[in-house]
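A, B, C and D label the chains in the order they appear, each numbered from 1.
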């Protein structure tokens, strides 16, 4: 059938994770992305041990110091508005940042994904109700949601994650629903039903694995949005409160200093960007690499193309 | 689903949203704190609540509010002491203009560059476009906004800092508003186009002798539009009440800023009015998008 | 011959980038075709015939493909070294192409008229509407003015291929490349399309390069034939010569597959006691079509008053063209759709009124093999997961630790290797995937397998292999089949009983032999006439 | 894309540049926010006051910003007739901008308007407290004002009462103020700008500025940029960090004083040693650049211009060792000093407020105190500001900023420190007695009583974490000559603005 499938049985039989791993090693961009993410995860786990007091103790003499070598390694990236090492805070902030962003993204992805799955695979009253609820969430201002949660449930990181997640649900829900409505018409779903598979089985085995790659792409871009939204909620008392902080709150507190000390907001911004970019690059890469129709793009080229 | 049923269901959402906002916004605190001086006594605050009817049970407040809506009265702003709906309707066109221009540019740009990236996935153009679009999408908007003012207005003296006015006044706010939609849509276009470009009918078009640009932008693009339109709709909806940063930094009196202030000041009538206006727009947009699906893909017209 | 050649291909070598490096797909391929002549390129999928055509059309995906060497000339002009823009001007104007699957080859979002007019527009400028309507009329689309503005999904498969032909002929090309033009079509329609191509060739004097895996099609059309195998040409010449004296083992095997199809049934016929396994009475199914906005929908009857019974250990062939209701029948029998009326009894129990326990037994004992081997296997699951899925759904069939062995056993049973368990469907050819689908159907040790067009999309040789596999399993496992197809030779070899369906009704039913010998209904006769080899060819084949 | 953008941008730039050229006598002022209305009654709201006070509407008396002395404006003189009644002589020849005569009847109407019930009138609520005013015209230019209880400083209070024209509607908040000032409102483009123009028939000296346009941007950096770029002439209130150009930027004491109010009744904060330690632990001098290097350390909640200010009170100074020792001592006596103390903050109460709280948290942890920060939006913060407090048993320090506009400590002491004060966490009989002694008194007795109260609060009780007398920053374009003063927070007197040429 397919002309790009000249020797189907000639392919070596290798376990998929190893295959992906080897492909990754050959590919500089996603490899770099993986390294960045590993560094960030490492900071998140061991950050507190890595950086000393320079990241937490005010040092008014170094207030808003620019990135420089003079004050030693700790102040290489300058100092913040209380004279604390920006580099140290970037490392230290990784944990809360990742916890909140990952928490919110995973939560909205799960809730939105699950509801989208139901709405997509069972048209009818339930689906209608879900879609109208989505309409309501979309039209509900997130600040009001935040205030309501704050008043009804009180402050705290858990509730913060909840607020951030709720506002992001519609994106996942609508995307999943659209994809599911297409996938459930495919023959392998009918095949599973003919074997007596129930709704749960079909969702778990056939729908979810196919929808996930798309969700991951959105989730990667969402990471930045969630972190920035989080910093916007701090002032309500719902966000993280000092001495905890995130890259988002670092950007926000650097806001007033953009004209005099641009690096205060820019450097954590760069970290958010680097994380988002790495996630997106990796998500796109996995998506292409696991797609049988696209995986040839990863094969090593020996010659240029010709027509 | 036919249009009549869809519209009816949407009205349910609207009423549901309206009621939900009414009841829930009233749990977010007593406005008397905000509207009376810091040192106002408890008796003064009680008197205020009585005068404004806040001492009544919320359900009774809701029904009397519904009654006044039927008479065309959406309540009076506590802070500005004028009809809340006037405030919402003054601000809405400003936002609408701003996001119409921004999203048109973001949409056109995302289509163009998303397609260019999809022609050769993992090629130079793809990597460059993905880098730029993702960078734009993940940059904090207020940071970008202020940075742009400092660089383009103050340092380079090219553009006005802020305010309403001629085309030059649009450049910076539009640029900031374009970033995120452009990044997100660009990624979606790219993904959808990569899939579409390997469809058999693309081969047909090439075999017909259709020029490559036409193959990409006419034959493939329209097929790749469904997910793009979905995401574009979501983005538009989120900007309809969420272009606040740009509105406040650049001094555009849009509805997002009005809504946020009303929420922070517990100016309930204004909250209700602004949400009503944006919700009608968002829900209408969702219907338009459903209709657009049918226009884009004739197979969906009957099903 | 080569003097009059309009299209000439020499020494073509094409390779593809794969995970393991470059793999040569086509090597030393050369052929030529003259005006008014039809050249058939015959071969199984993956033999390189479509790749060669793609090179000629300049639509090979590069990368991963690369043309390493060779020459392609049109009236002596080199096509390979041309400026891309000039080259694109030749496509559609001087060389045109039609494809296997007209539905996916037509752009779903533009009206067919626009798509035909576009060819004129691109090459000649101006509005192609008048020419498009004329062409639509010429290829036999009724009421072309109205249908001009309609979309591909609003046409039948045969009509879509006619539209493709109209599009290809818009600029009166010198060469038409037809890549499996009838494979996806019903037999009667196949015949009409081939006749249309012939007629149009006589009218315009174009050269046709017809690519097919179907010997019957080749026999009907070919002036000359080129047989391809594994990227090389293994035989060429005029068809009667090639057919009567095949030199290459592959050609011999290809020709030998036809009698094998006919023999399969005789081997399976042995006395099994007649016990009714499935009884269908008065079955009907209506579909509600949704209406336009603010308008009510309408109802379409897909099945009307279907009754038959199936004995254990026997095979029932259900024959009909697309739209005859045969696939709906399969879905209803599998319990995927609720019928609007009538009853289905499985092993004496009413299908749509089963206790959960009986239903579980039903799902274990009745399995289905679907038409589309590409769609019916989840592309993201491994073969092991696919084969174990029936076991995982009904966990009491086998203890979990035995699943893997069972899967390996099944793979071997259908002629694949246990080493393939970790792969995914994308790594297999169509025939191999259909074997996997059969293996999956066997996993739960069923008593009845419903095959819905299970071999229609496959090459004749592979068809024969699958049919032989099914026949062998019937004997060793005592299975029953309901075999749904539009392809008469296939049922002839397998079925004990046949019912012929048309427009949701059974128009004829009976013993296989009797039905083939003396078809009573005109529709059956039409089906029989349209299928199979021309007589001369059948004769040649039988004598091999 | 190119065809849309290239020439478009160019044309836009040309348009923009030419639009900036304006008449020599008109100025543009950029404010932090749009006024909700221009209701004279709401003039204590700084966004309203900055537009209308002295420009559109005027008051009977005014407080001279630098000296704090009370001076006549629409009234020429006043005298107290009895304990409850004051007589004001009004200026002659004054007219409202709608042509109506300014006379005793007009002032009486304005005072009546002030006391109506239908809307919240800030002036009435905040300044007059529960006092009822009755205005009785004696003749055209003489007015008697009777108060429901003795108010020894009524003339001072009258400086906040903006006299509105009799033609202004009684109902609702006005968006079209009419007053006796030199300017009238010419347009209000909602959300965009407010324009004032000079009246031809103004009773006093003619100001230099003929037209003033008020615009608003919430971002300090943008306000500063607008002046730098010439789009505005005066940016009222920019953040200290944006005031980086000594040619254009002026710091001024803005009258605000900041403190952290301590919940003095909740352990461990009921121990004066802990409260003193909290003061000693803060390196306020080093922290000062966060809110503005020109700020002054405070040891009371009012500034030097306020009657009752005690110049002898000295800041505690920075002494972490002493602070740690005090905490230890308290702990030794069984004080639960390991209890977490909540620092209540409010986003944006003044620039740098969150950093200040963070710095405090870090410095207090040095002396062994555990704190948590809770930042609120204004609405929620206010709940914790006013009695009854939502969590009365929570040991907390509460961000507070106070401006005594009227120049008399009574407007500070009662609410903030009296046992019955709405914002007060203090219950000290001596302080109560001093306040009650000072309120009805006048002259030196009044001043001394208040000074004694401040001394008691600071030296003996250490009721607050004392912080700063704050500074504000304005940016003024070289086109105009104008300097901010302590009153700049509440008003912008356009008649003080001169053109540079």
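To be clear about the criterion, a contact is a pair of C-beta atoms (placed from the backbone, for glycine too) under 8 Å apart; a residue touches a chain by one contact, two chains touch by 3 or more.
Just so it is clear, the model here is predicted, and its values are computed rather than measured.
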Intersection of the contact lists for subunit B and subunit D: A
Please flag the chain sitting at the greatest distance from subunit C, going by CA centroids. D
Between A-C and A-D, name the chain pair that shares the greater number of C-beta pairs in contact. A-C
Between subunit A and subunit D, what distance separates the C-alpha centroids? Give it in angstrom. 45
Centre-of-Cα separation between subunit D and subunit C, whole angstrom: 84
Report, in whole Å, the distance between the mean C-alpha point of subunit B and the mean C-alpha point of subunit C. 49
If I count partner chains per residue in subunit B, which residues reach a count of at least 2? 28-29, 142, 146, 150, 264
Each of the following residues of subunit D touches two or more other chains, namely 221, 377, 380
Please output the residue numbers of subunit C that touch at least 2 other chains, ranges allowed. 58, 84
The chain pairs that touch are A-B, A-C, A-D, B-C, B-D
Which residues of subunit A touch subunit C in their complex? 1, 3-13, 15-16, 19, 186-188, 190-198, 201, 205-206, 209-210, 290, 292-293, 295-303, 305-307
Taking the complex as given, what residues does subunit B use to touch subunit C? 2-4, 199-201, 203-212, 214, 219, 222-223, 296-299, 301-303
Inside the complex, what are the residues of subunit B that reach subunit A? 9-10, 12-13, 16-17, 20-21, 24-25, 27-29, 121-122, 127, 130-131, 134-135, 137-143, 146-147, 150, 180, 183-184, 187, 191, 194, 198, 226-227, 230-231, 234, 237-238, 241-242, 259-260, 263-264, 271, 275, 278-279, 282-283, 286
Subunit A-touching residues of subunit D, taken from the complex the two chains share: 220-221, 224, 239, 241-242, 244, 283, 286-287, 289-290, 347-348, 351-352, 354-355, 357-359, 361-363, 372-377, 380
Given the complex, residues on subunit C that touch subunit A span 16-25, 45-46, 48, 50-51, 54, 58, 60-67, 80, 84, 87, 231, 331, 334-336, 359-360, 362-364, 367-368, 370-372, 374-382, 385, 389-390, 393-394, 419-420, 422-424, 426-430, 432, 437, 440, 444
